[in-house]
Structure formats: C-alpha cells, structure tokens
C-alpha cells in the first residue's frame, strides 16, 4: 500500500460534500421512495441534515477524524429527527470514535471505523439482514470492502467494491417485506419498492468511491 | 270560450305532478346552474319539495282550489327551506287564496290567481325585473298569458303563450348581473349564467301548458 | 364524491343522530331537526335561537349550551331551515322573557325566519326579535341588493350576546347588544378548493392548481375574484386589507378569529393566524382575544376567513364569560 | 399543492409563530421548537413531555396546559423531533418529581426519545421514565418488527395521565397509570384521500374515486388494505370489528373517540360517530364518555379513526377532571 493510499481530513470533507450533493440532487427521488412505503420525508430529512452538516463543518473545520465526525454525527442527530437522524448520526459518531484523533485513514482503518458505525446503527435500530433497511445496503458494502482489502485492493478499489455492493444491496431490498421502520406497517404491501434508507446509503458509498477514486 | 276550456282540480293535480316530474328529471341540471352562481342545491330543493307536495296531495286529495294550493304552499314552505321554499310556497298560497273554493278555473281566473301568487313572491322577495330571479320568468309569462286572453285565446293557447314567455324570460336572465338572492354576491361574475329559479319557473309553465294542451 | 356518509339524502338525519349520541348535554328533536340544551335556562331569561343550512359545523348546533344558544334549527346542507322548525324552537325555548332570532343575512334564511317570527307572534304570543348578521366585506352593500352575507361574525355574536342573555339582560338590551356587535365586526374569506355538496355529488366549482378564490362565503359559492395563488402572508394581506378599509378599528381592543373552512388542517390555520396577527399589528390594531380553528365551515372546502370585531371592555368581558358548548368551552 | 403556507421549509417555524400569537397561556421556545405552559405547574409534581412530528395538530402542542402536558416538542412535518429538543424540554419542566416522556411507537420517535432520556439522565440527573403508546390494531404486533403504531389513544392517555400527575401522584404511579391506559386502548383508522406533505409537494399516494385505505396511521402512509369505498356504516364496521376482535371490553365503561384526519368536515365525523356508537352498542359495549372531532390528524388527509378505551371509575373520573388546553378544555 502506498502512503498516498489514504483518505485525509480534506478527503473526508469532500466525501461529506459529495454525499450532501447527492442527497440534495436526489431529494425528490428519496421522498418518492418514502411516499410509497413511508411518510414522504426521507429526501427532506437527508437534505436538511447534510446541509446542516456542511454548514457546521465549514464554520469550524476539524483537524482530526474524531473531531470531524463527532460534529457530523451530532449535527445529524440534532437536525434530522425521524429514524434516519439517530441512525446516520450514530453511524458517524461511532465511525469517528473508532477512527480516532488521526488526520488520515488507510483502507483498513476506514473500513473498521465504518464497521463500528454499522454496529452502532444495529445497536440503535436492531435491524437484521433482510429487514429492508439501510442495513441491507451498508452491511454488504462493508463486507465487500473488507474482502477487497483482504485480497490486496487499493483504497480506490475497496471503496469501488463497497459502492457496487451497496447498490446491489439497495436493489435487493425491492422484493423484501419490511420488518423494521415505518414500512413494516404496510405488511405485504411494502414489497415491490426500494427502501429509501438503503438508497441513501448507496449514495453515501457512491460518494466515498468518487472522492477516493485514483 | 267553451265550458271545457277550464282547468279542474284533476288538472291542477296533473300540473303539480308534471312539475314534480320536470324538477326531478332536471334535478342535476338545476343544481348545476345553482353551482355556477349559487350553492348547488336548487335541484335538490325543488325535487324534495315537489316530492313532498305530491305525497301530501295524494294522501288527502282536495276538492277545491284553495284547499289544494294551501296544502301545496304549506308543504313547500315546510319542506324546502332556502329562498325557493318561501317564494314558491307563497306563490301557491296566494294562488289558492285568490282562486278560492272552486273546483275549476277558466283562463282568466287562473291568470289572476297566478298574478296574486306573483305579487306574493314580490312581497316576500322584493325582486324587480332584471334582478335575475324567478321573477324574470314569472312576470313575462303572466303578461303573455293576459295578452293572449285579452285577444280571445283559449286556455291552451294562453298557457302556451305563458310557457314561451317564461322560457324567453329564463333565457334573458343569462347576461344579467344578479341583484337579489345568493347570485348577487358574485357581482359581475354572475353574468353569463342562467338563473336557476327562473329555469325552474319555466318548467312550471311548461308543465301547465302541457296539462292544459287541447 | 368521497364522503363518510350513508346516503346523500340522509346526511342531516344521520349527523343529528351522531350529535345526539356524542353530547349528553344536548337534546335533539329529530322530527323538527332542532338541537336544544338538555337543561333549559332559567325562567325569565331571554332565549337565543339560531339556525341555518347544515354543512357549517360546529355552527350552529355546536354553539348550543350555557352561555350561547338555546336552540339551533338545522336545514338541509346549505339550505335554510323552514319556518315551522324555527317556530317550534321559539315556542320551546321561550322562558317568558322573549326570544332573539340570530339570522345570517341570506335571502332564504331571512325569509324563513321572517315567516317563523310571524307565525310565532300570531300563535303563541312569544315576543320575537331578530338580528340579521351581515359582516362580509367581500359583498358590496346596497339598498337594491341582498346586501352583505352573514359569515364569521355570527360565531362571535352568538358567544357575546349569549353571555349577555345569561346575565339576565332584557330582550331590548339583548337586541341592542346584538346590533352593536353586528355593527362593529367585519369578515373576509378565501378558498383554495371548492367543497362538494353531498346531494350535488361533485365540487361546486373547479379551481386550477395555481388559483384561489377571494371573497367567498360559506356555501361553496365562488368568490368575488379568482386570483393567482399566493403565499400565506400575501393571502393574509388580501383578507385583512378589505376589513381595515371598511371599518376604523382605532385603538379599541379587538377580537380576531381565524376560521378554517373545513378542509384546511390546523397547522395551516395557525400559520395563517401568525401572518394575520402580524399584519393587524403593523396597522396598529390591538388584538385583545383570538380564536383559531374551524368554527363556521363550508363542508370540505379548503381555505379560511378572518373576522375582526371592534370591542370594548364590556364586550371583552362578555367574551371571557363562561361558556359550555361543544364548539366553545371555557371558564366554567 | 395548494396550502396556506409561505415556504414548504418554513411551515413549522411559521406555525409556531401563529400558535404563540394565538395563545397567551402558552410559551413558545422558537429556537428549540418547544411549546410550554406559560405558568409552570407546582414544584414536586410529575411533569409530562410529549412530542412528535408536526402535521398532527392539535396534537401535541394543543394539549399543553393544565391537566395535560407540560411541554410538547415539535419535529418537522411527520418527522420526530430531535433528542436535544426533548432534553431541553425535560430539563425545563422538571419540578423535582421526575418527568414522563409520552412517545408514540415509531422507530424514529422511540430512538430520538431514547437518546434524549440518556442525555437528560446523564446531564441533569432528572428522573425520566417513558411510556410508548402502541394502540393501532391495523398493525400486526411481533417481537421481530417495529410493533404497533401509536395513534389515537395518545390523546386519551395525555388527558388521563395528565390529570393523574396534576393530582400529585408519584412518578411510579404516573408510569403505572400510563401503562394501564396504553394496555386498555385500541384504535383503527381509514383514509378517503392521501395527505400532501408540504416539503414533498404532492400527495403521498393516489387513491381512485371508488377506493379507500383501511388501516392507516397518521403519517399519510398507505394503509394495510385498499378496498372498495363503502357507506359510513360499512366503514364503521370495518373500524370497530378489528378493535373488538383485539380486546375484550366486557361490561366496563368505555371512552370512545371518533377522530378526524384533518380534511374531513365535522358533519361527517358526527355522522360516522352515530354509526360507530350504534355498532358498539349492538356489541354490548357501554360508552361512558365520547369525543368527536379533529384531535390527532394527518395534515389534510380525509378520513377518520376510532379509539376505544376500556375504563373504570377511576379512569372516567380522571377523564372528567378539569383540563385547560387549546385542544381540550372543560371543568375549570
């Protein structure tokens, strides 16, 4: 692994900005997905949250990952609400705690920080595989990332693998009957629709792959 | 004038039944007219009122005009409500009072009874020519009826003239700006629509012409 | 048409059944379609009767009870009740001190109440007086027309005059109070959508997505003007300005009602009230009391109306007096 | 989308401004979006905090006041508020006797209130307890799902538990009372139309003229089934039967709410209540108290829900106890 095969604070900030851009651009689409099996606010929630994040991050730039992601997590927790606020908030809070007071992360460090984030999401939301939630995009993404790293992939290659797996995981939510979150109230009627949270999670990994592309 | 050139109690009852049939058949149309410049109930009001009238009249058949039309008027007053209830109610109450305790009326007697009814409508509602109300069909109808009688017309000819004049009067309400009733609240926007009450009045004279046709 | 009904022609009868089931402190005369207080007021006290077409709930049945009406006569949807109903109600509620008829100024209501008063006076020698409410500034007033409609002010008038009657005021005093309230209040309404009269089965009018009706009444009738849809604060302006242009509120305390037409959710009504209050205050109007909610509605119409009443200490204290009805309730 | 708003992203802020202007007995913290009683309750008394997404008005802000809540945290439309809001409200209303969080069972609400309770316990050593309301029989309950939604029963629970707290009951007693009410109440809802979330700009779902959704919640979500439109009495049957099938009401007195979803006029709600009451009585259910109107809404959705609470003399007397909020007010 070369020494440039890391993601720096600037890289993290670019990631967040790219995620903000994606949820803003796809705001209506996310809301449409949430209209079908939820309450029509996921686009607004994510756009509002990431706008607040970038404002905070811009106002007081961080120098270490733990600092940066604590701000991101707390901002999401205090500006989003709903299910996605605590869940994405917890993801970033745990990610930062595990990454620690560092200025950059290599692929392995990033992956284990992300996995800590996923564990936090599970601890909060109790979702399991196949419940039709963001978990179903996030868990496959991290599995693919770990597998890529284990087989010697670069950071760019590992995040590309994560992006593809997240997208596949998102697509795989379509036939599922939801067992967690608001969509579960629809019972069988929740099948046949993509999960909004899995879709925003796929955007998160798409943004990561873009900013770490070599 | 031949002695058969009269309208009897049976004729009056047939007239009322024919009017009931017309307002029932045109219920939606009258309501549609009232939707444009009123509150969308004229069809329901007239249909409800005339159904009640025919029920009452059927249950206790009258032998004289005053009896019959008192029942008609009181039934309309107590079953219709709105503007048309007291107005049509007064029309029939006065008509009966003027016709008196008779079993039949010739054209002249009928016309003067109808005119007493019109006077009652004016006393209640204060409408003048061109206010865009039922007056604008009723007054021309009676003027035409009187003119026909004065020139020696039969009952059938006189009621036919009344029917045509009522229809023309109804049509003439279209361009008018309403000054009375609910349509007056629309100001200039009331122009360009037929008046619902003038339209039901034209049906009343149409029914009369039919049952008195030779 | 999608409505929670059994039959378009049975809406009123069925709704009265529900009102009776829901309110132990009301008595419903189903035959005559009259809603009474279960416990009549004291002898020697002026009684208040109102009524009108149905579809404006809670008006008037929701305002029967201590501190407001003694009886409400319910007509068919948007159709004034008939004289026999009002006469029956009048005879029943009279406690020997006379009866005030509160009539909204519509040709039908006025004529039917007129006939009722004639009958009541003839038949039972009840002293009947009438106040005709005509507060709608959207309608140009003139001797040669039907005049202004009675709209939102009716709610305030029934509350204030009801409180006056409860105090034991004489019929003359009650009439004077009613006339004062009517003279000092103005309203203006708007619609985002038409309502649908059950018996008609479809919306009374069509309104494109980008337009609204300004100057509507409460019977689903189109308004005075159809204009481009605006923001809440632009709409507030269009409702408040004609009211302020019509009556000088000076530095009197006022009572302000922001009323929903039936299909607009409360969150929007509060939002509108925020804008209305801000505009009134900018114009120097002092708001002493306010009321936000659905009080005089037009079936499922979306939209709202503003009513402003110029008050004084007496009116404000009558407003604050205890009231116990299903539609307004406080202080007791 | 036609709404009385200024900007889809400013709806909540603007509505809070209107609520503040309309109610002198409420205090609004605009920064934290919290509605408080203007005059806090006595020291040593358990305080009640609730909250949730906006768009359900009068819930929860309309139930802040004597006899019900001490504070309501308002989230964005249909989006649970955030933990910092609830934590702030909790610290502010605590009168030394602990605070009850009343949470409707939605993943978002539960998680955000959980975080708030953790923060409040850590930071200010306020004793916080939580009741999660889950009364919706439309949702199958299971350990492996999010469980039942909290819907109409929330209104009854806030009233009854609020009365208990006002009596000076301890936190443990208040929690037990809340759990009892939650265990003994059931609800079921239906929609004739979708609502429109302002930020989404269009209806959440489409529903043909001849169909309705049965088993909806209060967030504009589609229901469990889409069925042919029916008469009011058929609909009443479809709402009441799942409730009676889920809980045995025996011969207990019950409190029944017929709630409107926001876009349905009161005349239809009364009509529905007539049918609901008739069906309940046919099944031998004793209705001791009832409530008909818009109490927990879903923006402009047309439709209604039924809530039935199995009560006893104590619950009925807590229901009857004085309450003074903008949404419910009696007896004081």
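Per-chain residue numbering starts at 1, and chain names A, B, C and D are given in the order in which the chains are listed.
Going forward, a residue touches a chain if its C-beta (ideal position, glycine included) is under 8 Å from a C-beta of that chain, and two chains touch if they have at least 3 such contacts.
These numbers come from a predicted model, not from an experiment.
Counting only chains that touch, the fewest steps needed to get from chain B to chain C is 1. One finds 55 Å separating the Cα centroids of chain B and chain D. Per-chain Cα centroids separate chain A from chain B by 75 Å.
Distance between chain C and chain D, defined via averaged C-alpha coordinates, is recorded as 29 Å. With centres defined as mean CA coordinates, chain D is found 32 Å away from chain A.
Residue positions of chain B touching 2 or more other chains: none.
The set of chain C residues touching two or more other chains comprises 77. Every pair of chains meeting the contact definition is listed here: A-D, B-C, C-D. Note for the complex: chain B touches chain C at residues 31, 35-41, 43-45, 48, 77-87, 124-125, 179-182, 184-187, 189. Partner chain D is touched in their complex by these residues of chain C: 1-7, 11, 14-22, 54-55, 57-58, 62, 77, 192-193, 209, 212, 229, 231-233, 235, 258, 262-275, 277-278, 287, 290-292, 294, 297, 299-300, 302-304, 324, 329-330. Chain contact summary for the complex, chain C toward chain B: residues 9, 53, 75-84, 106-108, 111-112, 114-115, 136, 138-140, 144-146, 149, 197, 199-200, 204-205, 217, 219-224.
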